[in-house]
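Next come two complexes, and both contain subunit A; in the first it sits with subunit B, in the second with subunit C.
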Partner chain A sequence: MEQQTKAMLSIEDLMIWYKTYRGYAKVVDGISLEVFPGEKVGLVGESGCGKTTTMKAIMQTLPADIIHVPQGEIWFEGQNVLTMTKEQLLKMRRTGVSMISQSPLSALNPVFTVGEQLMDIIKYSGQYSKANKKEMREVALEAISSVMLPDPERIMNSHPHQLSGGMRQRICIAAALVTPKHLLIADEPCSALDVTIQDQIHRMLRVLVEEKQRALVMITHSLGVARELVDRIFIMYGGTIVESCYISDLFSNPSHPYTVGLLECVPRLTGGGLSTGIYGYVPDYINPPKGCRFCPRCSKAMDICREQKPSPVEIAPGHHVACFLYGDRAQEKEAQNKTDYKAHGEGG
Partner chain B sequence: MLRFIGKRLMMGVLVLIGTSMLIFVIARVVPGDVAMIALGARATESAREALREELHLNDPLPVQYVIWLGNVLQGDFGNSFITRRPVADDVRQFFPATLELVFMSGVFIVLGAFSLGMLAGKYKNTWVDGLIRVLSYVGIAFPAFVVGIVLLLIFGHNFQIMPILGRISPGVAPPTHITGFFVLDGILTGNFAAAGNAFLHLLLPSFALALGPLVQSARILRSSLVDNSNKEYMSVSTAAGLPPSLLTRKYLLKPSAGPTITVMGLDFSALLGQAFLVERIFNWPGLSRYGINAMLNKDLNAISAVVLIIGITFFLVNFIVDIIIVFIDPRMRIGRESV
Partner chain C sequence: MSNEILRLDNLKLHFDIGKNTSVKAVDGVNLTVNECEVMGLVGESGSGKSTIAYTLMGMYQQTGGDIIFDGQALERKKPRSKSFRRDVQIVFQDPGSSLNPHQSVKEILSLPLKVHKIVPKNQIEDKILEILEMVELPPDFMYKSPNSIGGGERQLVSIARALCSNPKFIILDEPTSSLDVSIQAKILNMLMKLQKEKRLTYIFITHDMGVMRNVSTNIAIMYLGKICEIATTRVFYESPLHPYTQMLLSAIPVISEEEEALKSKRIRSEGEIPSSVNVPSGCSFHTRCVFKSDICMKVDPEMKEVGPGHFVRCHMH
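Right, the complex of A and B next:
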């Protein structure tokens, strides 16, 4: 609990449901995470596991009319985002948090030039005097060059449809970085960029965080990117965080069966053909599995996994796993479910 | 941009030539002897034959067309059989009345559609949205002439607060003719009494004419706004901390306005045709009423002139709308410049 006062961002037991015609889709199911100043945190999981929804909840940009938040709190710099006034929210968006969208092709307004959109962000950030157009223009041009785009003047005057996907993605990054913010949420910022640019962007993000005591949440589904960039990692599955640890622990001691499966999915240069991978798909969020959400796909599932939700257990300093295979309860139950477990093991 | 405008203008000329041919042929193949209608049953056969010769009715159609087109290009539409005056004079008298009516409707459509559409979009799925939806169904389902009669009954008969007939009260002298728009002429000549009186006469018929297109455009704007408000770029701009009023006024409205403006342009030009029934009900001395009379009486020259003028107006309005759209949405520039 002491950590909460220090954490820049802390999410506590957050649930987010989407209203649908078939009922509530329980997309985020009790997530907790913290991010500290100067820290680079990774959020990894399959598509549709709730990463982006969680991050948009921080920005409060989820469509309010189809969203229901039955429980949870989001604390940013000592304030609960969910109960902020409009003014506090605007201030947080202007100086506190910025987010790089994952879809570069639709993240820019099609009817305004890149320059106009950047200038508005700069103008309303409250960090430059509104009269000084020249200074603001300099800031915008600098942001464009900082993401390795040539000829910033021309790009300022271009409309989004005149630029390539990779250029637009870099504009999105520039727009998120154009004014200084404390926390940067990067939602797969490099998906459309080639590896050389990707590497430079990652380097830029790292410098930004390390030199200016900012914080970074990097959403990705590439463990390689995570290994290269982040200090700590959260593995998400089906709207829950199944494992969180320092990045080095992830590769030396992957513990949750899902994490193990994810690592096995990464092709290796040392051979061995195709990996075993993970069978099945992400769960149905309207009628999710009653117990552990991963249990239908888990080769080590026990009876208890179908009945109860596992809560996180600390198996090493800073290494939490939400799985009945670990912790005290697991040992009690394991003996009792041994036969069942064996049967599954042979089947897999 | 200039190339786009040039191409559009050339296309417009082609369309107008096609329209003129079509209307010329249709007006002449409609059954009925023109000379009989024009001169009456008691005229002698030789007199009728003389009229046919004078109107070149005995020549082949293509020859007739070329003669007619030559005259039209010099501003000569021939004489009307009904009013027995040059058609050009009739048009000069009646067209401003219709244009004034349609223009005022346009003002209603633009103001009403944008305010109702934005209200419904802002309060989507609330009672405000529901009320505007019901109003839209009513407005679209009821033809303009029914709305006109209802307005007359309420404001002219029950409350007696609005004038019911004509462009100006019988006791008030029309302002000096400058543009033919009574309200505008009144203001220009400083005759504010006449301008005010004409304006009151204008309100009911133009509103009756505007209601259908108004609510239809409002519905279109509402759905564009709702669609676009779920776009990723809106979420990104919101996350960037832009003020909510700027988000709606600028970042949401501009990409959403295109379809609405296109439909408004079509509606606006269609009003010229629909104005007939409203002009009839409000005894408005306009071009539509003149045109229908011409058609019922097979008044060849008048029919051709009226249809041609409506065609030209239709083209001009849509030409302007196209240019507005291209200014609003840069994505259209590439596509349209190659047209």
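Right, the complex of A and C next:
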């Protein structure tokens, strides 16, 4: 596929199965996504829809003995992550990708000080291999002050339990940004924090990512967070990407029935009552529905939905929906806008 | 004027943690809840909202002030009376840890029925079926264990347990904060339907202002063990007065332009909630307030009524 700029990260038709006693749990079911340099991308879905599994697959931190990848490729900066050697993988983790985890308490080691942990990251990133300890300390101090924490010296010498939740999360962000990596994956970085702290951290992430020209993948379950932070959004349901578009299109023209339902579920500050929620529960991954995975919960389900998997179709430039409701319309458009499709498309 | 069902009168709960130091978890709270009202309690973690709920239930003993329920002051050193325990129920935040994993749903639900002798023994099963129907769970859930069902269903079982004793008053301590939005919407809807049908009174604790807008009739904002603003829901969102309220509102990620318009443009969230061991002098919010002046650092403001039912604790008003 031709691209105007080369994607930094591209996932092609990836499937990830977990081995269980009852058989394979088909958690990620053929997802494709692309992240370009300098772009902020959101991956949104309910718990258990495979967001974190996908991102951990990029880092290759999934437990290898219970994972089966029947098909798919993950390309990061021109290299296939799934076929990397151990050395290449380590290099990618040191210099290419960094991840901010959901729980800042478990991401930091309780027996080392914050300073020691930051210095370790700096030391092994390769960037400062020739620097001495004093210089590395300077880099760490700068990282701490870049996340707007007061009194960096004191924080360097504190253990994680001496800091509050918001401070710990900022340390994790500092750790992810301390070395010049290219892609930053933030896995619900604020779900354990208060809204006021969340607001501050989002503001900071936005500035840091834009300043340092990083690409950001923001995993979240909140559409509000996505609206504040990202340029392009992927909506996941049951291990598939049901809709992908620019963030403004999502709110002006939500198209997949799941996206529409999800938007209705969000309680509004303006009031207007509560929606009834989306009927039913997330699918069983061991025996998932044969056709579209959303069809048992979908109010617009047709016969074809129960039989076949829908493939993504482009309903507007850059706006892809995996739903049979849009099949015919999109096919006409596809013929018209073939050039557009090539520029924005992420494949069928 | 509706009838008052609960009044907290200068309620205090200080935990001693050493010589002359104490955590002032709740520090002089006055709050009145009327019948059939949904009183929302909002605040950041560590503001003391759950502590109020636990003190009311008798899990902690207050160190000062009174709790008046249904016209009677609750005795301080005694366990709550049986009738109180029947009339007031609580739904906890995490259904995973508040339901016994070794019991079936039937066992969980039959205990309050037996203790409070709600129905004769031979009708317990029928009553359980009736309650399960009320929370829209299928009858076969009776024989399931809490471990084998999803988070949303577990929370429904918790709600069913609270409904067993025909309570008048239910405390909901962040009942949906661990759930996905699609399930949250369903549970909130059901809670509001039950409230109307059974004429229940709720204290609804949450940190989600979007949820609060849609469920509560009145809202109280807490900060470091004190209430800083009380108002009816509509007034609260249209003209919030306390700088902390404005900060909370401005921090919420919203999904439409109309909501964006409700947020205060002048205030950005700054800083973190201080530790309740070293509460700042004067107004406890002054360390994060953009409008602070000298008086805020020295004098703790009094609660003032600025409109009908609208109380603010701030020197500016």
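Please note the rule applied: the second predicted complex is superposed on the first by the 312 of 348 C-alpha atoms of A that agree within 3 Å, B and C clash if a C-alpha of one lies under 4 Å from a C-alpha of the other, contacts with A are read in each partner's own complex, and residues count from 1 in each chain.
Basically, a contact is a pair of C-beta atoms (placed from the backbone, for glycine too) under 8 Å apart; a residue touches a chain by one contact, two chains touch by 3 or more.
Because the structure is predicted, anything quoted here is derived from the model rather than measured.
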Subunit B and subunit C placed together on subunit A: clash or fit? fit
On the A-aligned overlay, A:Ile121 touches which partner chain: subunit B = first, subunit C = second, or both, or neither?
first
Quick check for you: in the superposed arrangement, does A:Glu228 touch first (subunit B), second (subunit C), both or neither? second
### Query
So, does A:Arg22 touch the first partner subunit B, the second partner subunit C, both, or neither?
neither
Task = With the two complexes superposed on chain A, say which partner A:Gln200 touches: subunit B (first), subunit C (second), both, or neither.
result = second
| First (subunit B), second (subunit C), both or neither: which does A:Pro63 touch? | first
Task = Return first, second, both or neither, reflecting whether A:Gly166 touches subunit B, subunit C, both chains, or no partner chain.
result = second
After fitting on chain A, the minimum C-alpha spacing between subunit B and subunit C in angstrom comes out at 12
In the complex, the residues of subunit A that touch subunit B are 56, 59, 61, 63, 65, 86, 90-95, 97-99, 101, 103, 106-112, 117, 120-121, 124-125, 159, 161, 172, 175-176
Listed in rising order, subunit A residues that touch subunit C in their complex are 46-47, 164-167, 194-200, 202-203, 221-225, 227-228, 251, 261-278, 281
Touching subunit A in the complex, subunit B uses residues 124-125, 230-233, 235-244, 246, 250-251, 254-255, 328-331, 334
Note: in the complex, subunit C contacts subunit A through residues 44-45, 150, 152, 180-189, 192, 207-211, 213-215, 233-234, 237, 247-256, 258-259, 262, 268-270, 272-273
